[in-house]
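Just passing along the structure, written as structure tokens.
The chains carry the letters A, B, C and D, assigned in the order they are written, with residues numbered from 1 in each.
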Amino acid sequence: MIIIMRDNISDKEIDFVVSKLKNVGLDVNVSRGVERTVIGAIGEENLADKEMLQSLPGVENVIRVMKPYKIVARSYHRTDTLVDIGGHKFGGEQLQVIAGPCSVETQPQMDAAAVAVVAAGCRLMRAGAFKPRTSPYTFQGAGVEGLQMFQQAAKPQRLPIVTELMDVRSIDAFMEHEVDAIQIGTRNMQNFDLLKEVGRIHKPVILKRGMSATVSEWLMSAEYIAAGGNHNIIFCERGVRSFETYYRNMLDVTAIPVLKRETHLPVIVDPSHAGGKAWMVPALAKAAVAAGADGLLIEMHPKPCDAWCDADQALTPEELATLMQQLDAVARAVGRTLL
Amino acid sequence: MIIIMRDNISDKEIDFVVSKLKNVGLDVNVSRGVERTVIGAIGEENLADKEMLQSLPGVENVIRVMKPYKIVARSYHRTDTLVDIGGHKFGGEQLQVIAGPCSVETQPQMDAAAVAVVAAGCRLMRAGAFKPRTSPYTFQGAGVEGLQMFQQAAKPQRLPIVTELMDVRSIDAFMEHEVDAIQIGTRNMQNFDLLKEVGRIHKPVILKRGMSATVSEWLMSAEYIAAGGNHNIIFCERGVRSFETYYRNMLDVTAIPVLKRETHLPVIVDPSHAGGKAWMVPALAKAAVAAGADGLLIEMHPKPCDAWCDADQALTPEELATLMQQLDAVARAVGRTLL
Amino acid sequence: MIIIMRDNISDKEIDFVVSKLKNVGLDVNVSRGVERTVIGAIGEENLADKEMLQSLPGVENVIRVMKPYKIVARSYHRTDTLVDIGGHKFGGEQLQVIAGPCSVETQPQMDAAAVAVVAAGCRLMRAGAFKPRTSPYTFQGAGVEGLQMFQQAAKPQRLPIVTELMDVRSIDAFMEHEVDAIQIGTRNMQNFDLLKEVGRIHKPVILKRGMSATVSEWLMSAEYIAAGGNHNIIFCERGVRSFETYYRNMLDVTAIPVLKRETHLPVIVDPSHAGGKAWMVPALAKAAVAAGADGLLIEMHPKPCDAWCDADQALTPEELATLMQQLDAVARAVGRTLL
Amino acid sequence: MIIIMRDNISDKEIDFVVSKLKNVGLDVNVSRGVERTVIGAIGEENLADKEMLQSLPGVENVIRVMKPYKIVARSYHRTDTLVDIGGHKFGGEQLQVIAGPCSVETQPQMDAAAVAVVAAGCRLMRAGAFKPRTSPYTFQGAGVEGLQMFQQAAKPQRLPIVTELMDVRSIDAFMEHEVDAIQIGTRNMQNFDLLKEVGRIHKPVILKRGMSATVSEWLMSAEYIAAGGNHNIIFCERGVRSFETYYRNMLDVTAIPVLKRETHLPVIVDPSHAGGKAWMVPALAKAAVAAGADGLLIEMHPKPCDAWCDADQALTPEELATLMQQLDAVARAVGRTLL
């Protein structure tokens, strides 16, 4: 930890900071410059509280030297970690595409979707049974019954299923219906009680980035899950809020190489929620693969015009199949495989 | 609802949109301009799904004419609604300041804080027993024991207490310890299951704005609570995420007049979490009162340098007392009262 | 300057950084922590280039200790600087309001506006002769003829005039028509050639904040002007770009106390361009005064419904007069005066 | 244009809006809904001023139906426009990479850079002679002498040169030194006088996106150039300002497919300024190509550790050569070519 003091301060203020640091067991290095004094704290940074130090008289700024995340950090585990969902590995040479409709609507819709997912060459399926909707007056998801429909459609196709968990009280239902991977949505990235709960079970977790979360906050949310004992975490970039109104969110493609450097865990991208329009999905999906993503989460609906939510961002089965061929070419161009 | 069609489309596409609108019971007005056709849907907008319409072939854009919020809208209830917390009214001529430490630490700390809150002229107290912390390795709050310490300090001073609820499973403890108002924090503004639960009880709710929530999304989150039957909602602006790194969040002072126009419910401001530095609090608090806020939520700690969290943003008891005098003057300048 | 090295680096990389620092004449302090080595450079920071250091092998991060701005910094000049425009001082106890229409349209419009400015109690007038318009197909301003009309309206009322300069080639016209203060608009805050030119003359400059400029970048733009010899600079906060679409820009009220701490120069606020709606102006103007602004820049048009640009944000003469009374009350509540 | 009226308004307000529209020659369609009245204006939208309409009593919102840009719009010119810089075409099947150092430093540096540009397989060269620097105290560029050095290095390699124009007064020097394409930098995207000047000459213009410009504003800036008669415009995405501090700017990869849909002009990407770190460049460059960019602008310096500016974002000659091979593979995967 480095403490930069304001100018025109006295020894008393410097001594007070030094004593606070020594009290918690840190070694101290005081460097008096021409205009500023800089105090370096040597040892385990978590012993000192950054905000407490920042509140001390005469302190201008406090800078952490160490990253606040541990288990999820690449410095903790140098090689890439593979996360397995129902037998399919994320983080290796082969990319994975998880496809399916925004929400579980009816059994025929789910059956048709499952067939289309397989036909396009995808190996995992997504759909929402519990939906985080901005308005209390719109469709809130099929609930537990939706989980049942989902499995009934996916099992015959041998598709592992991925679905969003919004409430700690639904975990038992997720276990009972053998959900293969739990998605933590954007609005719950910092729902710390929910993160702690999924840290206690051993299902893989797909952790979406918060609406305007920094990469560091996102890593810390993963650290919550990891600290509970569950290291099967996959990051999912889905765009962040911006001033641009042409599309729904701004896909942060730079987050892909940044995460690959900072963490050993896999990184996937959701191009559908990022752009919010079906016609943007192919360009964004290809960009994600080219930038090094380990997989994608893509919305596909057997009949987009009849979808009950997010209709405008779903691909048709044919569009998904075409895109998979294109993505395979891009994957091969960057030394990976897809199909 | 207004549907703007792309240029160069055929009658077939227009007819398809029209049939979709008529199917759900809306009247239709087709206006063929020189370059674009615009379709107006007349009737209850919630009958049609904006995203479904947006996905139809030939549609360029869909615009809602009505506001998506109902119960919380000023058009639903023209006069200002007063929300009562422990006998003190928010939304009337008199402003309310809720003060106290970031978190419940010890009984002596809470006792000293309660005395200081009253001494400064504040009539309500805040402190966190359950803390949403970015890191799993930092102090997570005193929990249920914290609620007990809080009441033990506040009761003798006759201070109603306000504290944050993070988990649906803690509601019983909040009821048992007679929390006077429940705070929903920034990270839970779109935790819809939590919103539904506080909608079922009749405690006043202080709903903080999400990290980068639009005013419209914020009003919709309040609508979730109101739709459950609980209309005792107070909005709390606490700054939004921005590119500026000099301070923690950017206080959105414009949100105050905007909310006063859009909703009949009270609006308060948290200048402490907005700026993140104690020295910024007086300027921001005065700005909030001048802009029309109905109250403030201010961090004060008996000994900021010893605080266990957010130390750098807490005022001392003396600073709070001085600020209350200054705020009273600003309140009177805009036709309100404080002390 | 503090250089934080990556983990797992060799002495060779540390030595290389040290030699680069010594080469430019800086003293060096190497602190080897348990996990990271931190190198402190002692001396005049501008001797070393932050980006060059950041590019050296093994360097994780480089942090400046000193502020990059000098002349405009409060550490350079501890007491508040007063800037005089036509005999009226900015930065002292008395606040100044500069009012007038968005743009110079016709002589009768300007004459009526000048009368209304004085009637409301304002002592300076604003209007644009050269307009930065998003579209090449809209009214681009009355140009030099507009300067003439402006003076013809303002002189009889003894109103100093403030108007925007967009092009270095117009400076002679500004001198010739005796413009009292030059406004540098948002889109030109980092038009460095323009800043250098206004640094060479001795007219007061009102420097608006760039659309999404950090406070630090804004101070550096002022430093460009000051480095040329012109220290008569007034900062003008006018809102920054955000994700919120309810209003045009987000007024950054926190920038006021921040600037008052960082610089000795005056700070004013433009509530009209911030909100973009006339009905928001009173709340924002009062907030600005309460937060410590030294003045305001307010749009007023004799007949807003007939205005040629930004019609929706202009107050009527009556609204301006009423607002001035209200602002005077707020100013007095914070120990200042206005009327 | 569509005008949405507030609720509870009278016929008088509706009639006033209608009369304003008819006065400028527009046809009107009034649609009275259950709760709101919507007025449609039919005809050439530019006849009515959106802001004036917005200021009329009773008006809630005004929505444009037509795009404000004309010449640069794809609806104006359906097929892709090819822009030629020194014999190399942008916007066709073959991609172009413009490479070179941030700034012109010395003749040997430029000579070495030119050789490296060709060796890597690039066909155009970039370097800055006039530099927009945040601080007045840092290197401001070699100026006209720099243009000379640039040509002396580039001519023997037959490399067309691209360099930034910051000041209208430098245009003659740019013509004299036969600059092949003029770059308009981020800070000048809305320097309208500069845009008008480059609209009068017939050099190709590379128009960088403003720091936080919307796609629509960017297209309007291009419209300024086009309206002057110069249609040789190339858009260059270079990242936008965001809350994330890990990297310099957030590359907006979604802007690529959006621009390709909205305009017929070519789109390139600058991955170097976006990320701000050399190690991020390969991932971002590949993402841009995969998303459909027509080319790239990449910083390369013969000796990055000695560069005078932006040292940390420049590739070495070897890194550039390797990247070109990788980009060629990605280009082929999406049906384009590079080498």
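Points to keep in mind about this one:
One rule holds for everything that comes next: a contact is a pair of C-beta atoms (placed from the backbone, for glycine too) under 8 Å apart; a residue touches a chain by one contact, two chains touch by 3 or more.
For clarity, every value in this text was computed on a predicted model and none was experimentally measured.
Path length between subunit B and subunit D in the chain contact graph, taken as the least number of steps between touching chains: 1. Farthest chain from subunit D (centres taken as the mean of C-alpha atoms): B. One simple way to say how far apart two chains are is to compare their mean CA positions; for subunit A and subunit D this gives 31 Å. The centroid of the Cα atoms in subunit A and the matching centroid in subunit C are 39 Å apart. The distance from the centre of subunit A to the centre of subunit B, with each centre set as the mean of the Cα atoms, comes to 26 Å. In subunit B, 212, 241-243, 245 are the positions where the chain touches two or more neighbouring chains simultaneously. Against subunit A, in their complex, subunit B makes its touches with residues 46, 49, 51-52, 54-56, 68, 132-138, 140, 166-169, 187-188, 190-193, 196, 210-213, 217, 220, 223-224, 227, 241, 278, 304-314. Taken together, the subunit A residues at the contact with subunit D in this complex read 212, 214-216, 239-240, 242-247, 250-258, 261, 274-275, 279-280, 283-284, 286-292, 326, 329-330, 332-334. Those residues of subunit C that touch subunit A in the complex are listed here as 2, 4, 7, 29, 31, 33-36, 38, 40, 42-44, 63, 65-66, 75, 241-243, 245.
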